[in-house]
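You will see two complexes here that share subunit A, one where it goes with subunit B and one where it goes with subunit C.
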Partner chain A sequence: MDMRRPPRTVSDPKVRQVGFVTPSEAPPTRSLSDAPTTVAAAASAASASSPPSGEISLPGSSLSPVMIPPPRHASSDGRPSAPVAVPNPASSLRRESLRIRVGSYNASEVVLGTPPSASPSSRTDNAASEFSEETMSPWHGKSGTAKVASSFPGSSSEMIVMKTGVGGGGGAGSTPKSPLTTASVVKTLPGISEKEREVLMGTQNDGAGVSKTLKEKTTKAERRALQEAQRAAKAAAKEAGAGVKPSAASGSAVVANTKQGKVVKPPSQKKDGPQIAPPSGSSEKKVVDRPPEKDRKKDVPAPRMQFDDKHRVEKAKRRAVVNQFEAKNRVELFRHLPQYIHGTQLPDLEGKFFQLDPMHPSVYKVGLQYLSGQISGGNARCIAMLLAFREAIRDYSTPPEKALVRDLTAKISSYVSFLIECRPLSISMGNTIKFLKNRIAKLPDTMSESEAKSSLQSDIDRFINEKIVIADKVIIRHAVTKIRDGDVLLTYGLSSVVEMILVYAHEVGKQFRVVIVDSRPKLEGQVLLHRLVAKGLNCTYTHINAISYIMHEVTRVFLGAASVLSNGTVYSRVGTACVAMVANAFRVPVLICCEAYKFHERVQLDSICSNELGDPDVISKVSGRQDLNHLDNWADNENLQLLNLSYDATPSDYVSMIITDYGMLPPSSVPVIVREYRRENLWI
Partner chain B sequence: MEPSPKPNHGISAYYQTRAEHHAIISGDWLSQAQAAAAAGHPPEGPPASAAASKPFSVIDEFNHWRRKPDLAEAVAAIMALVAGIRSSDATTMMELEIELKKASDALKSWDTTSISLSAGCDLFMRYVTRTSALEYDDFHAAKLRLIERGEKFGEISLKARRTIAMLGQDFIFDGCTILVHGFSRVVLEVLKLAASNRKLFRVFCTEGRPDKTGLRLSKELATLGIPVKLLIDSAVAYAMDEVDMVLVGADGVVESGGIINMMGTYQTALVAHSMNKPVYVAAESYKFARLYPLDQKDLEPALRPIEFGVPIPAGVEIEKSARDYTPPQYLTLLFTDLGVLTPSVVSDELIQLYL
Partner chain C sequence: MARMDFEVVVLAGGTSRNLNPLVSQEVPKALLPVANRPVLSYVLELLEASNLKDLIVVVEGEDAALRIGGWISGAYVDRLHVEVAAVPEGVGTAGALRAVASYLTANDVLIVSGDLVTDVPPGAVAATHRRHSAVVTALLCPAPVSGPSDTGTSGGKEKAKKPVRCNIVGLDPTRQYLLHLATGAEVEKDIRVQKSLLRAVGQIEIRADLMDAHMYAFKRSVLQDILDQKDKFHSIRQDILPYLIRTQLNSEVSDNGGIKSELGMDNISSQNDLRWLSQHREIAPSAFQEPHAFSLKPLPDARRTHKCCAYIASESKYCARLNSIQAYSDINRDVVGEASHLSGYSFSAQNNIIHPSAELGSKTTVGPQCMLAEGSKLGDKCSVKRSVIGRHCRIGSNVKIVNSIVMNHVTIEDGCSIQGSVVCSNVQLQERVVLKDCQVGAGYVVTTGSEHKSESLARK
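Showing the complex of A and B:
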C-alpha cells in the first residue's frame, strides 16, 4: 500500500499546464456507457460550468462528489450531493469520520478538473509507472484491459491528464490523491459498469485508508474479477519483457524524468506489449486471463473437492473404489457438491467386497451402513466409525520395513476416503479423524507395536466415553435446569441429545409437554415421537409447515446440531434455521445442544459453500400417494432440477444459548471453546 | 442453637443486606428485621470467641461480615470461608477442600437469591482447588497461603472499584448527561472520580421505587457538587432524549454477558437502546457468575416488600421481585477490573476462570 503512495518530490511545472484536458475527470456518477468522446465533451462542459477556482463548491457544480456510499450507486444521474454532514464532535463514529474523509478526497478531484493549483508537486517515474502497472490494470476489470491499454499510446493527452492529476493531487496537499486522478482517466472508458466504478474507487483510495471499507462493500464477484485482472496485468507485464521494468525502476530514481514523454512511455509500453496485437478487447482478455487462472489452481490447493471442476472429478473417479454415477440435473448453485444417482453404489460395493483387500471388513460394514442410511446422526456415525477403526487397529500389523506411524496413518486415510465415497464426512467425524491421526502421529518411537495398538484403542475408547457419552450426560444435566414445570418444549427432527434430555427431564419428574416438529422426506421425528410416547411423555406431533402456528404456545426450543462453527453459526439438519428463526420471531429462547467435539473453527455464512445433497428422488415422490406422479421421469427433463439439501446454517442471532459439555454458553464464545478444546486435545 | 434462622419469610436475605448497606429508606419492616437481627446476633460479636464456645458456623460468620457497610457480599462470603479454614482441623488439602465445599454449599443454600454470594464462593473454591498443596509441600504453608489470600480479598475488591472508576471515568465527557438507575458503590466511585477530575457533567437519578435508591445517590452526588436531577422511574423514556449515556451497576453479571440488577434496569436499557444511547455497566469481576438466564422468570426471584402508601385491596397480587435481567444485546460495554469489556467477553473470562 505504501508503495503506491506517491513520494512527494520536487514538482515539474510543465506538467500542470495540461490541466484543461481533464475532461476525462468526469465524476464517476455520470456518463455510464457513452462513447469516450461524448463523455469527454459532456464532462468538459461540466467542468467548465464548475467554478474554476480551486475551492470545493459541491452543490453548485454538477460534479457530484458523493461517489462513496455504495448503497447510493443505483442512481446514475449526477445529482448534486447533499453537503457533507458535519460530524457530531462528541461521537467519533467511524462512518462519519469516513464520510469526511471521502468528502475531502472528492474535493481534490474537483480541484483537479480545474486549472492547476499553485503549489507544485510531482512524483517520480517509479511511482507513476508502478501504479500504472499495479493499480491501473485492475480497473479495467471485466471490460477488457486491452481497450484501455491501447488507448494510452494513441491519446497521449489522457496520459498527460494522469500526470496532471498527480501534480494537482500533490498540490491539494494530501498524499493519496494521485492514484485517484489516474483512475478518473479510466473512468470515462466505455463499458465500465457503475459497480466496477466503485471498485475503481476502492482501488484508488488504497492509500487513503478509506479503501478498506469501500472495498469490502464490493461483491465477491467483483473482487474476484479485480484480482484476476490484476494477475493478468502482472503476467502481461512480465511477458512484455523484463527489459522495460528494470529501466523504469532505475529511471524512477531520477527526478528529472518527470517529463511527460517519459512518464507516458513505460506504462504504455508495458500495456502494449502483450495486448496491442489483436485490436478487439474482448478476445484479448481471454488470452491474458488464462495463464494466471492455471497458476492460481496450482498454488491454492482446494480444501474440499469441488464437483463442478471436471478435471478433478475425472481424477477422483479413477481412484474411486465405488463406481459412481453422477446425477444429471444438478441445481446450478450446488454443482460443487457431490451427488450420485442413488442406489448405484450399494450393489456395486457389495459385489466388490472380495476385491477390496485393503479394506478392513468392519470399516467396510460401516461404510455400507452409511450408504444405506442405517446409521445416521452425527454421534452415531462418529461412534460407528471409531469402533470400526478400533477393530481395524486391533487387527493391524505393520508390514515389514514400514513404520507403524506412517503406515497406519495411510491406512486410516484410505479408510476415510472409502467412507467419504459412501457418504460425505460430517464435521464431527472430521474432528474425530483429526484427533485419531494426531494420536497416531504422537506415538513415541520407542513404543512396541502391541503397546501402540493398545494405547490407540484405549484412546479411542476414551474419546467415545469422554467426548460423547459423558459429554451428553453433562449436557443433559445443564439442560434440565432450563426446563420448568409447565413448559412446552419444541424440538425438530431427531437429535439423540435432545431425546436424552427430554427423557431425563421426564424421569426427574418435571411436568412438561413436547412438541415434535418433523419434515419430509426423512420424517425422523416419528422415531422420536414413538420413543417418547412409549416412555409416557405428553407429545404433539406436527410438520414444519405448521411451525408458525404451533410456536406461540412453545416456551423453549431445544435443537441438536451437526456442528457449531466459530462464528456461532449452527450447522444442522435442514429446517433447523427455519425453526430457530420462527422461534426468535416469537421470542422463544432457542437452545442448541451440541457436544464440544463437534465445534469447528471454520466460519460459514451460508448453507451453499459446504453442504450435502441427498437423493432427489425422495422429494419427488410421496410414499403412499401413487396419484402424485407428476414428477416421474423428472431426470429426463433438462429444465427441472430437484434439490434435496441435508443441512443448513442458522446464524448465531437466532440462537439464545449453546449447551455443551463446557456448560451453557452464548454463541459468541464458541471460538473460546474451540481454542481450549484444541489445547486439551494435545494434552491427552 | 440453630444457626441464624432462614431470612424472614418472603424477603430475600440478599435484599436485606442491600437495604442495610445502602441505607434504603423503607418501612417499618426493616427496623423490625434489624431489631430481630440485632437481638439474634450481636453485630460486632467477635466470631473467634464464639467459635471457642460453640461449633463454628459459616453462616453466622457470614452474617457477621455482611453487616459491615463497606464490604461487598462476595467479600463477606470469602471472609466467612477463610474463617472456616482457620477453624478447620483438617490435616490434608483434600479434607480441607471437602469441608470448604460443604461450607460454601451451606452458604449458597442459605441465601439462594444472592448472585455475588454464590459467585464469591465459587471463586474462592476455584482458587482453593487451583492452589493445590502440590505447590507447597507443607500443608500448613498452603493453608496459611489460602487464609492470607482470602483476607486480601477485601482489599482486592476495594482496588477493583478504584480500577473501574479509573477506566469508567474516561467515558464521561464534558457536558454529558448521565442517567443512573439504582444505587451502586462502583457507579458512585466512577462519578466521584470523574467529578474530582473536573469533568463537567450532570446526572439524572431515577427515584428507584420502592427502595428510593435514587434519593440516596442524589444526596451523595449533591454533596460532591455534581448537578443532579431526580426523576420518577416512569420518566426514563421522557428524559432519555437529553441523556448521553446510561450508567448502572450490577448485582451479577451472567454468562451471556447480560446483567442482573435492580428492577427497572431492563426497561431503562431497552429505552436507551431504542434511542441509540450507550448503556454502560460498572461491575467488579467477582460478580461474574456462571448463570445463564434465558428470560426474566429464569432466575431465583429476590423478593422484597413494597409499600404503596395505601392499603392494598384484598385479592390484589403484588409483584415483589427486586431485580430483573437485562440481556446482553442492550448493553454497550462493561467496566470491570479486568478492563472495559463487551458483553460477549464475559463468557470468555468465565470459561478461562472455571474450565
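Showing the complex of A and C:
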C-alpha cells in the first residue's frame, strides 16, 4: 500500500499544479489492485449519489442528467472527456482541463467524481460489486474531494511542502477520504498548528507504521469532534446539493475548513485515513465499505472451509482446539480439503483432556472417538453425536442473564466446531445439527429450563428412533421385497443398512448368495463378511480389482450411501462409483439404501469439491507385507503425493433405485424427498 | 461437576520398607525430597498443570497424614483444593481406596501414586480411558534405565547391567488393550495366558520393557463394586487390576450401571468381536441395534465383557517411580539432569542450580547437573559433581561429593569423600569419612575416618 500511496499524496497537494496531475491520476489505471479500486469505486459511488448537486454544478457538461443514475457506465456517456482522461494517463490535456475546472467548486466536484467512473471496464466491474455499499456515503466523498481542491488555494503553500517532505510516504494513501477526518482533528486541537500536527502525525506514522496504532490514538473526543465536523460538512453539502451549492457561502466556508484539515492530514494518516474515517464523511465511505465486505463474506454460503485459503486456515488454526499440523505433500487438486499429519492430533488432544474447559465430557469423548476412528460410518457417527449432545443438554444449565435458546445454540455450535476439528462432518450430521438447532430455536420462551431440556432430549431420542432406527427397519422391509430366491447380491464395503437387509432376508428364509466386494485400506468388508458368515449366510469375498469378473454372476447390487444429493448423485465410500458403474455396464440393477435424513439439497457433480482425505500413510503400507516398503518416507519426496480419498460421487445414471424410508424411488425423485423432508423437519 | 467427570485420588502412601533408612516417622515417603522438593509435589504439580485442582490425597497413618496435610496446606494454599484422608497403616492401596470410595461421585476416577515423577499428562490417560469406555486404563511407560548415565561411576555400571524388569505386560496388536499384567513376584513365574483371551484377540504381544506407572483411570461404579464385593483385595496393583484383566471376557462386574444412558454405544460385542474392535473397528450401529432386537440376535454375552486399556507413554516422556533407593538416586539425578524441566528450577549457564545464598569457598567447583540449595556453605577446594545438596548444609574443605544426595542441615567435615550415597537430614559426617554407595539415616553421626561401602547406616 505504502508503495503506491506516496505518489498519490504528493499528487493531492499538487492538485492545483496541473502539470503534476497526470502522474497522480495514473494510479487509477492501476486500479485493478484492491485499494485503488475501492477508492475509485467510492468516488464513483459518490458521483452517483451526488447526482443532484453534480447536475447543477455542471454548467459546462453536456448531458448532466444522463450521467446521474448509472454513474460508472452512464457517466462516460454523459461526459465523454472524463472517461478518456482517467484511463489514459497519456492524455494529460484532458486532465489538465479537468483540473482547471477544479478551481471552481462546481466543476471540481463533478470532475473528481467522474474520473473514477471513467475507469476501465475491468475496474468498473470491481467497483460495481461495491457500489451497493458505497452509494451510502456519496456526499462526503464528493464534497471532500472537491474541498481538497478548493482548499488548496486558501491553505498555505507551506503545507503542501510539508506534506511532500514529511508525509510524502504516509499521507499519500487515501486522498479524498482521510482528509475529512483530519479536519476534525484539527478542530479538536486548535492549539496545535497544523504543521506541528503534521509533523507529529508523520513521526507517529513512521514509528508505528501500522494504521491500527493511529486508529487507537484518536480519542473519543476527537472522534466526536470528527463526527460533528462531518455532520456540519454534510449539512453544507446538502445545501449545496439543493442547488445553491456553489454559491452557498456558508457551505464553502465549512468546506474550506474541512479541506484544510484534509490537506494536512493525508500525510499523517496514511492508511488510517480510511479506517479512522468512519466518523468523517469521506471516511464513511470506506467504513461503509468495510463492514459490508465482511457481511458479504458471511453471507456467502461457505459450507466448508477451503483449506487452500491461507488466511482462513490461519484464523481457523488460532481458534482450533486441536493442534493440527498440515500434511506437507498434498495433492494439488485437493488442497482445499483439510489434511493433517496423521497421528499428531490424537495425542495432542488427549494431553489436553483436562484443559479444555467448556467441552462437555461426552462430546469430548465422541470427538476422540471420531479422531481415533473408533466410531465411523454415517449412522454411527450421527447417533454418537446426538447422544453426546443429549447428555450435554441434560447437564446444561443456563448461565445467569442469558437466554437458553441463544446460549444453548452457541454451546452446540462450539461442540460442533470441536467435532469438525476432530473429523469433518458428514452431510447427514449436518442435517442432524440443523434439526437440533432448529428445535432449540423453536423452543417457546415460556418454557422453563427443565421442560426445554427434556423436550430437546426427547426430540433427540425421537430423531434417532424415527429417522435412523425405524427408517432402517422400513428400508429393510422395502429392500427385502427386491430379493428373490436364487439371487446373487453384491455389496461393497460395510453399510449398516445393507448388513441388516442381508441378515433379515436370510432370516425370512430367502435363498441367496452374497458377494462382498472390499477395498484397501480400510477393508471394512471383512467386518461384514465376518458377521454374515457367523450368521450362516453364503458369502463370496473379493476385492474391487475383481469387480468386472465377479459382476457377471451378480443379479443385484445393494449399496449404502453417506448421502444422496438432490441431483441423484450418491455420495458414498470411495469405490462405490466404480462398483455402480461396472454394475451398470453389466445391466445389473443398483439399489442404494439410504435413510432420508441423509439426503441433501446440494448438487454435486464430482467428488473433488467436497470430500474427505484420509491418512495417506495407510495406502502406502500394506498390512502383512513389510517387504513392500517402497513408499517409506514418502513425505520426504516433494514429487510424491499420496491421495487417500474417503468418498466418491456416483452419478445418478448408474443408480437404478434408491430405497429410503419413504419408499423406493428413482434418483430423479430425490428432490421431492428433500422438499418433503424439509417440511416435515420443521414440525417433527 | 468434577472436571470432565473425573475425580483424582492421590495415594501418598506412608512409610516404605524399601526406602529404609531414608524414610522415617518424620519424613514419610511422600515428603522425601527430590531435588529439594517433596516427591509428592511432582504429582501435585503435574495435576495442577492439567487443571485438576480438586484432589483427594490418601495417606497411611495419622502422623504422616498430619505432616503431609500440613505441608500441602502450606505449599499449595490457594492453588489446589486438597483433601487429605488418613487411613490406618497396612490397609494397602485397595484399603485406602475403600476408605475414600464413598466420597467419589464422578463417573471415573483417576488414581495416581504419590511417588510418581513424570511429565506424562494425566489427561492422556483419562482421555484414552474415556475414549474406550474402559473399566480401567493403566499408564504404562518404558521401564527406566537404572543406574547413572554413561559417565557414571563403577557402581552405576554394575547396576546398568542388571536388566530392569518391573512388569510383564500383554497387549493386543494395536497396543490399546491390556491383556496381561504380571507384577512383583509374578514376573519371575511362567506367564499364563487365557486361551479365550488369546482366541478373542488373535495375537498377544508380551513385553517386558514396560512399567506400570501406577496411574490408573477406573470406572468408579466398577471400582466401588469390586471394593465392596472383594473385601480381601488388598492392593490395586496386585489384586484389583489383575482381577479386572483376567475377567475381561467374563465380567462379573456390573459394567452397565452408568452406561445405560448411552444406549448400546459402550457395549463391546462378543468375544469374537473383540478382535474386530481391537483393530479399530468398533462399528457402532450394530452395537446400537442390540437393544432394539430386530434382525440381529443380541450377542450372547455382550454385556459380560469389559475393557482394560493401556496408555503407553512415548519414549520422550519421563516417568519414574520412587520405590527403591536406587530409584531415588536415579530420579534425583534425572530431575537435576536430563529431565530438568520437571524440577521447576531454571538452570544456570553451567547447567546447575546454585542458590544465591549458598556460599562457596575458593577453588571449589560445582559441576553441571548439580543443585545447591539455599544457605549451604562449602569450604575451600571442594568438588561437587552430579549431586544434590540440601538447605543449610555445612561442608568443610577438601570434600568430594559425587553422584550423591545430601539432604538438609547436614554437616560434612573436612576431607570427606561421598560417592553414590544418600545422606539424610541432620547427619554429621566427621573428618575424612569415606562413603561409597551408602545410605545414612537421619541424625546419624559417622565417626572420624571411618570408611563404609554399600552399607546402610541408621540410628538404632
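Following the convention adopted for this analysis, the second predicted complex is superposed on the first by the 381 of 684 C-alpha atoms of A that agree within 3 Å, B and C clash if a C-alpha of one lies under 4 Å from a C-alpha of the other, contacts with A are read in each partner's own complex, and residues count from 1 in each chain.
Quick note on the criterion: a contact is a pair of C-beta atoms (placed from the backbone, for glycine too) under 8 Å apart; a residue touches a chain by one contact, two chains touch by 3 or more.
Treat the numbers as computed from the prediction; the structure is a model and nothing was measured.
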Superposed partners subunit B and subunit C on subunit A - clash or fit: fit
Touching partner for A:K482 - first (subunit B), second (subunit C), both, neither: first
Partner chain in contact with A:S372 - subunit B first, subunit C second, else both or neither: second
Partner chain(s) touched by A:V672 [first = subunit B, second = subunit C, both, neither]: first
Which superposed partner A:A384 touches (first subunit B, second subunit C, both, neither): second
Subunit B versus subunit C as contact partner of A:L529, first or second or both or neither: neither
Which of subunit B and subunit C A:E507 touches, first, second, both or neither: second
Shortest span in Å between Cα atoms of subunit B and of subunit C, once chain A is used as the common reference: 25
Overlap of subunit C and subunit B interfaces on subunit A (superposed complexes): none
Touching residues (chain side subunit C, partner subunit A) in the complex: 1, 3-6, 50-52, 107, 121-124, 126-128, 130-133, 261-263, 265, 272, 276, 280-286, 288-289, 292, 294-296, 314
Contact set on subunit A toward subunit B in their complex: 90, 482, 484, 556, 589, 591, 656-657, 662-666, 668-669, 672-673, 676
Parts of subunit A lying in touch with subunit C, wherever the complex brings them together: 347, 349-355, 357, 359, 361-362, 364-365, 368-369, 372-377, 379-380, 383-384, 387, 391, 395, 469, 473, 476, 494, 496, 499-500, 503-504, 507, 524, 527, 530-531, 534
Complex interface listing, subunit B residues touching subunit A: 173, 176, 244, 255-257, 290, 292, 294-295, 297-298, 328, 344, 347-348, 351-352, 354-355
